[in-house]
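Naming follows writing order (A, B and C), and every chain is counted from residue 1.
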Amino acid sequence: MGGSFRGRFPLAGRDLLSTRDLSREEILLILDTARSMERLARSRGVAGVLSRKVVAVLFLEPSTRTRLSFEAAAQRLGARVVTVAEASSSSAAKGETLVDTARMLAGYADCIVMRQGETGGARRAADAVDVPVVNAGDGAGEHPTQALLDLYTIRRELGGLDGLSVAMVGDLKYGRTVHSLAYVLLPFRPSFVFCSPGELRFPPELVSDLQSRGAPVAETDSLALALKADVVYMTRLQRERFADPAAGERLKGAYVLTRALVEAHHPEALILHPLPRVDEIAVDVDDLPTAAYFRQAQNGMYVRMAILKLILGR
Amino acid sequence: MGGSFRGRFPLAGRDLLSTRDLSREEILLILDTARSMERLARSRGVAGVLSRKVVAVLFLEPSTRTRLSFEAAAQRLGARVVTVAEASSSSAAKGETLVDTARMLAGYADCIVMRQGETGGARRAADAVDVPVVNAGDGAGEHPTQALLDLYTIRRELGGLDGLSVAMVGDLKYGRTVHSLAYVLLPFRPSFVFCSPGELRFPPELVSDLQSRGAPVAETDSLALALKADVVYMTRLQRERFADPAAGERLKGAYVLTRALVEAHHPEALILHPLPRVDEIAVDVDDLPTAAYFRQAQNGMYVRMAILKLILGR
Amino acid sequence: MGGSFRGRFPLAGRDLLSTRDLSREEILLILDTARSMERLARSRGVAGVLSRKVVAVLFLEPSTRTRLSFEAAAQRLGARVVTVAEASSSSAAKGETLVDTARMLAGYADCIVMRQGETGGARRAADAVDVPVVNAGDGAGEHPTQALLDLYTIRRELGGLDGLSVAMVGDLKYGRTVHSLAYVLLPFRPSFVFCSPGELRFPPELVSDLQSRGAPVAETDSLALALKADVVYMTRLQRERFADPAAGERLKGAYVLTRALVEAHHPEALILHPLPRVDEIAVDVDDLPTAAYFRQAQNGMYVRMAILKLILGR
């Protein structure tokens, strides 16, 4: 798509492919709209805002959580949804290209929400069709709605975004989520604490880049130190990432958040996680008022409602 | 969830996990409501009763019939539906627990309809979330809407529930369905005829329990005798259940209902089956006016409409 | 179903199983209605025409494109959709027959759209249920909505259907699509050019039959000659169809449409393809104004809207 009309509805008709395409003002517009979507969903349940629209949801990689979040978002705005959720769709199995699949969907629907494994695939699809495309994750590439929902949750829980210290914990090397979040936070002058095993450090070239853009960065392998931050963003540590499985198991254990740790080090720290978690947050943390990860998942729906409304609204 | 507000809408906001949680009055309320749902569906097709609601349907075990019945029920009440129907959902594949999955869904939807393989799983999920949970089958545990639709069908076909003789035929040892139905019938003073091969008898401790609660029980291996009852509830006999496959095949044949058998022994007997059938009811039975199993399947939709309306209605 | 009431709504309540069941007048009614559906979809997005209806979509063979097209069609008319899209549905896996599955669905929905692998399966299902059945492909049998959308596209692109020369290219032996299209064109006095490798010729008995019904037929293995027709209908050539794979690869290459070929031989030829394509149309053809295959896919939605409206409308 790639339209770029700027008027009263600056995102109308546009794709959402990367957070890097968004200005600070556009990010704030999305967050503000998400807040009003939250109020709308809580008061009305299902609204008629998009009752004339059909949203196509194309998930060629499994991601139940993200798929349902988008579907529920579309439904709560009154839109109709058609879904392809197949490890390998029948069209793909017949050799069809992603671009051809997108062109077909563009004939049926007013918008395409797309998850698939090729980096840049969403952008190539968007270039080929004349309906807006929302990137719901393209392999090692971008997953912009995740970063936006993380941002929304921080703002919603803490009341603001400016000047926060944000710790990121776990697999910081391969974690697309933490890289995107770091960049989307940048305009709000954060400081970072990156906490990981040595083998899974935040990529040094990204650290340098963040620093060159004015963000203080500390690196540590101590979870206790990371817990001093305003926001503690936990991620999964997959044992397969470690060369030595036994050492991996031991290392993993050092990055498990427990209630005792939180209470000992910083009971006020906001605790986030993109979910699904495996065992990196003990269940005894769940009841803490600062454990926001299930609210974070729910916020994903409000943020996706905002994006669909801004893109598809009149 | 587990709310227990009792007022004008005694089931509003409550879970439906087991028929044992329901009083006789609540059961009759569900059956009466199902009757008005049947009228509503027949006259209006799709109503707006739940047009502000989103229902999440989580089926981690395949059961097309039950899933579609719930989805059609929600749709006919105007609700929106989001579905996870995967042998192993992607979240589960990533190691997420059932409780975490339920918490995620509770952030998106107003109600969770859940089918999965762990006995007691629905109750554990319900305890963890603040939206109502409907158990659509939890392994060897409960499948309350099946028992309720069986009851609805008997009442609808015969005009009442009191004092009936009910024969159950086939695999009575492993058949969760027949156990639940026996118990949900109890308040209506039934007498039972249990008809099965010796290896697949109704569990003796349950027989004793039913008797101690005042229900006369007869056991037989003769289908002809079972056919004397007011209601004949057929079930599948899986050959794998028998130690000796050849003997199993022979025994199975002794529990096949044919039109000739029905006409010879009791043309008025109401014939039910939870479906899908394999070959335990010959297709020549289908056209008999007393062959109610396809109406029974349809009644499942009306009963599920009633449950969703009572739980989610204002 | 098989009702045959003819009144103001000549297709109301009827099945659509084969284009052979349709008169020339009924075909034109469907095409005219599809045109008004196209206008409705473009102006309103989602209409309320079928807002009281539930459509069951049963796809036991994978066909993402056709399934989504029907689902989007139903949704754009305001209908509710319940879907079974499983290589082997759980009921089928439990041994249930297609007829029993259809009976179950008829209890939930107002119409069944059905795709499965048994020739004649849709008709057997239709005979067993009292709601209309739409055949969305039954193995080697019929796929009537494909032929109708091809016809709609030709009329929409060229302004009329009468007296056209129509070339069909590729696998004409096994291609159900081209056989159906040839027959549905017959009332409009076409002439045919069948262009294929010798091993994959249009079946001689069908050629004779078309000729005996008054249609001139030419056969060729030259794509350049085929390009002289008013309409060029490309299809996939699967290498597995050839006895000698190496020769197959060479032959396939002779049936690849490129922009250079089109421009050299007949820039006005209307180019169609049922999609998905693999490599039989080069992507440099896509931008030609006569390359109508993505519009053709979109037209599938309008034609299916027309069929659902005519069958389910009051």
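Assume a residue touches a chain if its C-beta (ideal position, glycine included) is under 8 Å from a C-beta of that chain, and two chains touch if they have at least 3 such contacts.
Given the structure is predicted, the values throughout are model-derived calculations rather than measurements.
**Q** Could you draw the chains as nodes, link the ones that touch, and say if you get a line, ring, star, complete or other?
**A** Contact pattern: complete, every chain touching every other.
**Q** Validating interface symmetry: for the copies chain A and chain B, is the fraction of residue numbers used by both over half? Same or different.
**A** different
**Q** What's the distance between the Cα centroids of chain A and chain B, rounded to whole Å?
**A** 40
**Q** Multi-chain contacts in chain A: which residues touch at least two other chains?
**A** In chain A, no residue touches at least two other chains, as defined above.
**Q** Name, in rising order, each residue of chain B that touches chain A in their complex.
**A** So the residues of chain B touching chain A come out as 51-54, 56, 80-82, 84, 86, 89-91, 93-96, 100-101, 103-105, 107-110.
**Q** For the complex, give me every residue of chain B touching chain C.
**A** It is residues 44-46, 62-65, 68-69, 71-72, 75-76, 236, 275-279, 294-295, 297-298, 301 of chain B that touch chain C.
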